[in-house]
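What follows is a short report on a single structure.
We call the chains A, B, C and D, going by the order they appear; numbering starts again at 1 in every chain.
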Amino acid sequence: MLSVGVVGGTGYTGIELLRLLIMHPQVELKYVTSRSEAGTKVSDLFPNLREHTDIEFTVPDIDTLSECDIVFFATPNGTAMKMVPDLVAKGCRVIDLAADFRIKDQAVWEHWYGMDHACAELLSEAVYGLPEINREAVRDARIVANPGCYPTAVTLGFLPLIENGLVEDQHLIADAKSGISGAGRGANVAMLFSETNESFKPYGVAGHRHLPEIRQTLGNIAGHDVGLTFVPHLLPMIRGIEASLYAVLNSTGTDLHELYARRYAAEPFVDVLPEGSMPETRSVRGVNMCRISVFQPQGGDTVVVSSVIDNLVKGAAGQAIQNMNIMSRLPETEGLVHPALLP
Amino acid sequence: MLSVGVVGGTGYTGIELLRLLIMHPQVELKYVTSRSEAGTKVSDLFPNLREHTDIEFTVPDIDTLSECDIVFFATPNGTAMKMVPDLVAKGCRVIDLAADFRIKDQAVWEHWYGMDHACAELLSEAVYGLPEINREAVRDARIVANPGCYPTAVTLGFLPLIENGLVEDQHLIADAKSGISGAGRGANVAMLFSETNESFKPYGVAGHRHLPEIRQTLGNIAGHDVGLTFVPHLLPMIRGIEASLYAVLNSTGTDLHELYARRYAAEPFVDVLPEGSMPETRSVRGVNMCRISVFQPQGGDTVVVSSVIDNLVKGAAGQAIQNMNIMSRLPETEGLVHPALLP
Amino acid sequence: MLSVGVVGGTGYTGIELLRLLIMHPQVELKYVTSRSEAGTKVSDLFPNLREHTDIEFTVPDIDTLSECDIVFFATPNGTAMKMVPDLVAKGCRVIDLAADFRIKDQAVWEHWYGMDHACAELLSEAVYGLPEINREAVRDARIVANPGCYPTAVTLGFLPLIENGLVEDQHLIADAKSGISGAGRGANVAMLFSETNESFKPYGVAGHRHLPEIRQTLGNIAGHDVGLTFVPHLLPMIRGIEASLYAVLNSTGTDLHELYARRYAAEPFVDVLPEGSMPETRSVRGVNMCRISVFQPQGGDTVVVSSVIDNLVKGAAGQAIQNMNIMSRLPETEGLVHPALLP
Amino acid sequence: MLSVGVVGGTGYTGIELLRLLIMHPQVELKYVTSRSEAGTKVSDLFPNLREHTDIEFTVPDIDTLSECDIVFFATPNGTAMKMVPDLVAKGCRVIDLAADFRIKDQAVWEHWYGMDHACAELLSEAVYGLPEINREAVRDARIVANPGCYPTAVTLGFLPLIENGLVEDQHLIADAKSGISGAGRGANVAMLFSETNESFKPYGVAGHRHLPEIRQTLGNIAGHDVGLTFVPHLLPMIRGIEASLYAVLNSTGTDLHELYARRYAAEPFVDVLPEGSMPETRSVRGVNMCRISVFQPQGGDTVVVSSVIDNLVKGAAGQAIQNMNIMSRLPETEGLVHPALLP
């Protein structure tokens, strides 16, 4: 049994992590921390867990957390970086679901996140936890930077094209749409039901924090900087991301569906749909799966990829557990295989 | 391993049954039938099952179905009654998720369902599959009539009061609200997104088919006919039923919360909430659970009960599997314990 | 032209009031106040008003407001009572959309609203602005207490029964459901999209502030205290209230539909539906209308009434303008007649 | 007063047209036809119109319709073309909200719509009713082809760029999202609430009927064929379209916001938002308005335009009335100016 701690269990990625950890047959959940809710039973805050755990929130503490094999951070940006050095020094392995270790370039991180980095010396060691490109490095990582939700959907969608140099990569377009749970569980007028239902809008066109993260990963794959326009939008639904990706092909001879099917054939959590069918977000609701379709409309030179995930699962908590399984030599799919709820 | 068949796998109770059967560790799913979809892979129709089953829809056939230990009917009303006599004659046990065997009085059934009953001789043998009142009878039943969704929520809510004769039972009120999946997966203008979102309404005030079913069960418990006003309403959401129940107390001395807590203490799928808290439907989404609160506002002589279920799970497919577990001497909770998806 | 001011224009009743006042042909909107948004153009906060007004929020000020013929308060409870005495002293007439003047009994008000009343001497003078019962008194009122949203739906639904003494009025039941805009535009985790969509729940069973208000009005109509159980619920939609009302008839001979149709025949904003049809909230979305149906299921002795309004219109801003029209000798329907948006 | 007839009043564009015509001060609504609902009062089918009209559906008939000054067709594709020749011969003027007269090239139309055209000789005469480009031609048209919903949003969004030759126009991208009312009011499993809520997906990637329509218009503006990739998506909401448009700039010196502001300064129904703000669909719900923002993220060479409309208003019925006003020498905004309902 793995001994596991969760720092920050009151947000949406935290509660989703708890749901998945509770169902995981190889996990003993030892600590769930929350400064504001210390002493409260987790199931008093989240009644869906009433029959499943008696654990209480505790105040985060390095000494007790370091008893765990793996500590997850489901905290706001800037929290993990203050505790991670002490935890790894004590032999803990850490998976950060926030952004503290995602960007390798300290200056870029500090620019986009608007704060000083507290442990920049660990940035180079941290492994970007997208198993489909970094599985081997994750295996022995002490610190895993769990990818952002948009970056997961966009990167997996562009990956086969970029790896194979098939597209003009200075004008990539990612038109992405996310359910509202992506904005977190904080009190926020803009995310009230009455502000968001029956409406749709783009946001962050001028620059979203996931842009440098996606550029970094795609650039690493391409071997040079790529040009990407990334426009996120807010969907009137709770869970789900769809990214529609556009690029101009360098040549038009490749069977794109076959390319994608082959690239992801061995991946347990990427599903390339049959030719002609299109993914819908509900087919991945609550499950650790990315479904992808690739099109070449009217046989032209523009490729269209649609990639869907549940932002809280393959885009956060599920991918974190996938990383935990890899780090712990468990079967990668352990605790992560169940059908999505439909309808 | 139990060998299981599902007749009618294309509706919402059918697909939910498939999802739950796939996750059940003791079930081998042998047949899923659909006349209209015969030859299609189930996962082509429901992509959430893509990684989970390769089974195809087949034409329903008594001989092949009778190889199964248990056959579920997730068909429209009036279908099961035509096949059940042959199946039980061949030694199959049957769980009907439709209404064919719910009403003991043939004339009442024919009045409300507007057709002749094809095997009225089996009505007395069929067991009404609400485990909380009929667990022993379910154990050895050949035919289980799985309760309706509204009747499950309403009956479990009123049960402790009626059993103990605590309320004036000629003027019971059940104000019930259901998500739209309760109306099924048929093409129907009234259930289009654009007709139902951002709206709410009562329906069936003049008489809903679940009224005689609830009256029959409550009457059996009371030992005499009860008077019930039942008003269903349509909620702009997919899953979930909430029933608010009202009755006048015969006397006001009883600790109602304690009464409910005690009545359901041993029930794995009924959860009486702590005093003062109220159930929300999302806390049971996708899971086989009924959560109940009981109130006596301002200490008066009116009792208010709120009872929530997922109409497709404890109100249909989950309860059917609970009955299957009981019939098969499996642990009653086998395959039915996982936390609801939240948010 | 009426000269009008609005105190508190940033909440949902405020913005709805602005929308309706802008469309009103006899109104000149002089001031819209907001301490937090002073200096901002109203249309910068609410882009739906971009083509319709250039007015800016100002700091509330008695001297400038008193230039208006009518001042509306769309403020939190406890604000109007501090400004109203000075405004009426200066000759202004006031319509308070909050609760400060709704309850005649100061002690009851202070108990339910948890604060001292700042001008209790004006409580007896204030007129409860439900035109269907108080039209004449509204005409010359200096202070109109605009009714709460639930009280409007419930009172109009019970009115013909209580006026005529047709029901046992010690055990009235009001099972009411409201869209989420009723909770206001404040930052509130519980009203986030991700907390409320795809869910439904009762709340305030132990006691909601609208309970004493409804009891006061129904008691006045009955000529004695009535017994009422009032259970509000939260609907996953923005606008709309449906109240399902239940009572036991004293006798069963009355043609209830005819009674309701006659009672409301001359009322421009109450619509009794044809026998057998049921109201849906979307049919009143955005409009000042209460639609009502009355039933006597199975010809029994229980009467069921369903009453729907838009909580922000007939339940707040529209009714306020209806009162303004009455106070100002304008046609009562002026500026209030347009079809609901459907779908 | 204009005398007006509506052929096909039971779909969503039909009912929206009725709502807007009823509010129009210069219109007398003479006929509303529906074969299936002939004899039914319009307000029995659509209760939101109960206080507003007593008109009944009638069987469509050329002789009675030809008494009207203007006849609107809110019918499925292929209906108008059978009646229009007779109506114009009798002196009627026609506005077709379906697609029968949108495409000038008969072969292209027949390819995409899968039927023979019944009056191809009128295609060249018909005027494409996008007032922002064809106002003068609309004025004297006998037949106006009211634009599709997606084409309206996409064309108005690209227009200033294409008119001025500012972008590489062989690789235009239009990522468009529509509410579900765009799919019409027909019984259709795929548009049930339970199939569409809490989900999002692309569709029609291989080729949507609005693609040739957009290409035709943009090509006319450019003076040569343009290359366009058009991907529509289905939003879990009733009304609203957002189109995010992407193109590579030929040069980067132009002030794009200023260009858009100037191009649409005199247009009553196109609103270019202040720099830095982004449109949301709810700000145009129920109103005849297109709101547009233009961005040049990170100062690069890619331009991003976001354009929102209500698909049933500026995308259908509202634009049709705008065309009617132009054709009838009424003020273009007559009957079309009211703020959107918000929230």
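Brief remarks on what is shown
Everything that follows uses one rule, which is that contacts are C-beta pairs under 8 Å (C-beta built on N, C-alpha and C of every residue); 3 or more make two chains touch, one makes a residue touch a chain.
This structure is a prediction, so every number in the text was calculated from the model and none was measured.
Shared contacts of chain A and chain D, meaning chains that touch the two of them, come down to B, C. In terms of C-beta pairs in contact, the better-connected of the chain pairs B-C and A-B is B-C. Separation between the centroids of chain B and chain D, computed from CA atoms only, is 45 Å. Rounded to whole angstrom units, the spacing between the C-alpha centres of chain A and chain B is 37. Averaging Cα coordinates per chain places chain B and chain C 39 Å apart. Within chain D, the positions touching two or more other chains are listed as 12, 179, 181, 185, 194-195, 197-198, 236-239, 279-280, 282, 285, 343. Contact residues of chain D toward chain B in the complex are 12, 179-181, 185-189, 191-198, 236-238.
Contacts from chain A toward chain D in the complex involve residues 171, 173, 175, 177, 179, 194-195, 197-203, 205-207, 227, 229-231, 233, 235-240, 242, 244, 246, 248, 276, 278-282, 285, 293, 295, 297-298, 300-302, 304, 306, 308, 343. The residues of chain B lying in touch with chain A in their complex are 12, 15, 19, 22-23, 46-52, 181, 185, 197-198, 238-239, 271, 273, 277, 279-280, 282-287, 289, 291, 337-343.
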